[in-house]
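Next up: the structures, one after another.
Both complexes below contain subunit A, partnered by subunit B and then by subunit C.
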Partner chain A sequence: MADHGTLEQRLAQQGISRRAFLKFCTAMASLMALPPGSAAAIAAALAKAKRPSVIWLSFQECTGCTESLTRSHAPTLESLIFDMISLDYHHTLQAASGFAAEKSRTDAMQEFYGKYLLIVDGSIPTKDGGIYSTIAGRTNLDLLQEAAKGAAAIIAIGTCASFGGIPKANPNPTGAVAVSDIVKDKPIINISGCPPIPAVITGVLAQYLTFGGLPELDHLGRPKAFYGETIHDRCYRRPFYDQGKFAKTFDDAGARNGWCLFELGCKGPTTHNACATTKWNGGTSFPIESGHGCLGCSEPDFWDAGGFYQALSMPATPLTFATGAAVAGAAIGIGVSLANRAKKSAAKKAHQAATLDDLEK
Partner chain B sequence: MNEIQLLTWVRGPGLNIAIGVFLLGTIWRLFEIYSLGRKQDIAAARARAGASGWHTIFRRSLPAPGLMQRSPISYVGGYIFHVGLAIVVFLFAPHIMLVQGLTGLSWPGLPSPVIDGVTVITLAAMLVMLFDRINRPVKRFLSTFEDYATWALTFLPLLTGYLAVKHLLLPYTAMLAVHILSVELLLIVLPFCKLFHAVTVFGSRWYNGNINGRRGVPV
Partner chain C sequence: MSLENIAIKLVADDAFSVGSVTALLSEIAAQLEKLIATGETSLIDLKSLPFAPGEYEQLRQALGQGEVTAHMDAIGPSEIAETQYPGVWWLTHFNIEGDIVADMIEIAPFPNILQSQPEDVRAGLERLQSMLAPPAATND
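Then we have the complex of A and B:
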């Protein structure tokens, strides 16, 4: 069983200075838009906090979320996450395999029943009894329901766990659903993104450890501190959008001048995430800064929201009714015209000239 | 259905249905109107129609003598709202992108702050005209449900578009979906009500000018 001592002891063992730890706490406080004084509160709370047991279940996923977290430019603040928690089960990272691995999961679930954090990445297949993804012979659905029972809270990492993600894309062959579609009686935080920003994962964990509760969430269950604003509103290219200056192709003068990528399909205006402020790769840049529009990966069903290279104001799917409707309109129009003409000529035929005798009747 | 799914629906199947109904209705009514024909004119023409039809297309956009004094709100408000609507609909960059996506045609747009300003002026002109319609007994008497309904159907896309761009009332994604939905409603209703003048206006003016010319009132 992993060491469940305090974070301070753990950091001291690893030779991480208090100064580095305080820097981390300050970064977390500013990321979550907390008042300046709260950095000290985070430091005090984290230093004393017992490292909670974390069970990380991976379902229909690509391991990109784990890669995002672990392969962030090392050594980073994000790597501290592994000092803040006791990761008792994570089938990509753990050394154990087979029965030993499953045993460590069940042991942690028993020992910390009601207290452990459950992290899920990947969506859950539900079609045909959930047989499309199994671990140790058990379906993801079964494993999630069992693990959710004793969890204090669930963190759905990545768009697949949060909203179904790519496995749920049309035609959704496995009947993939999000964690929140299955678990209804536990607090769930959705940290969406494909993958999510590592600092966002760390920030949410730091907040949980510091304040003992969940951060304020938006209506899709995402922490408001990170998903409260759109990429577009925080984008450094926004002034070009307002001026009507758009790159038309990826290599024209507009693109070289860093103009807005809206016309090249950027989904920044409808995408809530912190990429434009937190950035990626140790604060180096984010997709729009590299010259590519936002794909909208932190939003539900982003894979089916029209083409990645079609502007948001363009049709999401081709117009299939237009030709048929035009032909039908012409047919109805001609039909009505003929009916009108027939009515007119019938009226003409039925017309009788009035005579003086008629008037005297 | 959350707002991003609603947005994808209105950008996809919703738009498909709306444009389908719009095309069906427009082509149907154009056939119907232009096939009606007129009774044969047995009287000899008093004058040659000449370019009276073409002149009338232009002249009907100018106020008739005296009417500007008697009904300034209708004229000034009408001008502002029609010109404003044309600018907002056809010169806002995302709208041009839509036309380009559907037809391949594109043209330069105006900067967003200019569009914002024109939208506010257009909305104000429409509100003043609605107030005038209700406030003046004759206009009120002549107004039917259709007049108020078409006013609302034209006002809503402008209002929701402005609210979406300015992030007011609803989150941008939801308001954008409502905006597109309101435009789709307008497209569906347009061929079947008085808003169809958007398509027939110049044809009607030409016809009236032409026949007036033949009857001895060439312009």
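Then we have the complex of A and C:
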């Protein structure tokens, strides 16, 4: 089993100077979205921090969250894995396979019972006994319940583990649920996003390792340091929203001048994430900077929250006026909803799912 | 491969600004006033600010280059330079792979990271003393 001593001891053994350690802590403060002057506090806390065992379970997911983590550059994945945590099980990244891989998981769970950090990406299918996703012949549900028992805390990475995500999208054929729907007796940190920003994954991990315990969380269990504000609050296009300057199509003069994408369906005003400041690809840019609105991927049920290109001011499932339904007053609403209901039941009879497009026709 | 190796040159449009640079310069001026009045130093984390495309380069131009530049080599390079406004330092820390891991403005007479740290001074002294000490007598 790997060395579980303190980070400072290991750095000293490698001949890394105090100044280099302070630089590392400065980078960590920036990564954790802490005040820049807190490097000294981080250094003091890290000097005592032990390197915990981490078990990473991947369930009903696309590996996008792991892909995102492996693009993390601050600190590098290598330094995170080898200096800050002891990654004892991750079936995509580990070299071992088959029985040896499963043994490393059970060994770590036994040796560090009550102390290990459990990371989960992917949702958990619960329909039909959870048979829709299994590893080594065991259901995700079973593996999660077993691993959660001995975990000190659980980090749910990605919108699938945090809120059910795309597997849970209508009609949710596998009965997919979030980690927090299954585990009720352990602290859970949700790092949502599809995928989450790499620096946010490593930042939350670093914060947990540095200061122990849970960071301050919002009402959806997400760390406030990264999810405390909306994309819209921190968007560089926000001044145009305030001035009422909106792009009307993706190639009009407004779009070329960098005006607000609200009317093109940007979900920035209702989406809590750090994209506008932390950005992606090593701080290069974020979707709005590339001219596309925010999809709202770090919010629950984002896939079913209306069209990606529909302005937030539109209801998620708008009722449009059917041709010829020109009746005055409340009768319009009734007529329209009846017309839509008829379309829905017609679709049901034809064994087709009623889509938003059907309703808008 | 680092992102820096991808040959994309960002062309900054000087005309495009949403006002972040002016706001930041005003904040720097306020911190300088505080430094003069109380001696209190401050740090601004540039990665926490929502710059519009091109504004980062505009900030660089506005702050310009001063008399002092320093290069530090500690788990990757760091570039530290005084701007044209004395007391305003621009610090960029890179990791070994060459990615920026911290980018900040420090308002101080001298950047803290450049000072020799007491722990390193003690360790250095021990190394120097052990070099000066006569070699231990051997039994053979």
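Everything below uses one rule, namely that the second predicted complex is superposed on the first by the 276 of 361 C-alpha atoms of A that agree within 3 Å, B and C clash if a C-alpha of one lies under 4 Å from a C-alpha of the other, contacts with A are read in each partner's own complex, and residues count from 1 in each chain.
Everything below uses one rule, namely that a residue touches a chain if its C-beta (ideal position, glycine included) is under 8 Å from a C-beta of that chain, and two chains touch if they have at least 3 such contacts.
Given the structure is predicted, the values throughout are model-derived calculations rather than measurements.
*Asks:* So, does A:269 touch the first partner subunit B, the second partner subunit C, both, or neither?
*Replies:* The first partner, subunit B, only.
*Asks:* Which partner does A:106 reach: the first (subunit B), the second (subunit C), both, or neither?
*Replies:* In the superposed model, A:106 contacts neither subunit B nor subunit C.
*Asks:* Could you tell me if A:244 is touching subunit B, subunit C, both of them or neither one (first, second, both, neither)?
*Replies:* First partner only, subunit B.
*Asks:* Give one of first, second, both or neither to describe whether A:230 is in contact with subunit B, with subunit C, with both, or with none.
*Replies:* first
*Asks:* Look at A:19 in the shared chain and tell me whether it touches subunit B only, subunit C only, both, or neither; answer first, second, both or neither.
*Replies:* So A:19 only meets subunit C here.
*Asks:* Which of the two partners, first being subunit B and second being subunit C, lies in contact with A:312: first, second, both, or neither?
*Replies:* Once the two structures are laid over each other on A, A:312 reaches subunit B alone.
*Asks:* Which holds for A:301: it touches subunit B only (first), subunit C only (second), both, or neither?
*Replies:* first
*Asks:* Show me the subunit A residues, by the header's touch rule, that subunit B contacts in one structure and subunit C contacts in the other.
*Replies:* Residues common to the subunit A contacts of subunit C and of subunit B do not exist here, since the sets are disjoint.
*Asks:* Which subunit B residues qualify as touching subunit A in the complex?
*Replies:* Contact set of subunit B toward subunit A: 2, 4-5, 7-8, 11-13, 15-17, 19-21, 23-32, 35-36, 93-95, 97-98, 100-102, 109-113, 167, 172-173, 176.
*Asks:* Of all residues in subunit A, which touch subunit B in the complex?
*Replies:* Contact set of subunit A toward subunit B: 219-220, 230, 232-233, 241-244, 246, 262-263, 269-270, 296, 299-302, 304-306, 310-317, 319-322, 324-326, 328-330, 332-334, 336-337, 340-341.
*Asks:* Touching residues of subunit C toward subunit A in the complex: what are they?
*Replies:* Going by the criterion above, the answer is residues 2-3, 16, 18-20, 42-45, 47-53, 55, 72, 74-75, 78, 93, 95-97, 99-104, 112-113, 116-120, 123.
*Asks:* Help me check something: in the complex, which residues belonging to subunit A touch subunit C?
*Replies:* Result: residues 16-20, 22-24, 26-27, 29-31, 33, 35-37, 73-76, 234-240, 258, 276-278, 281-285, 289 of subunit A touch subunit C.
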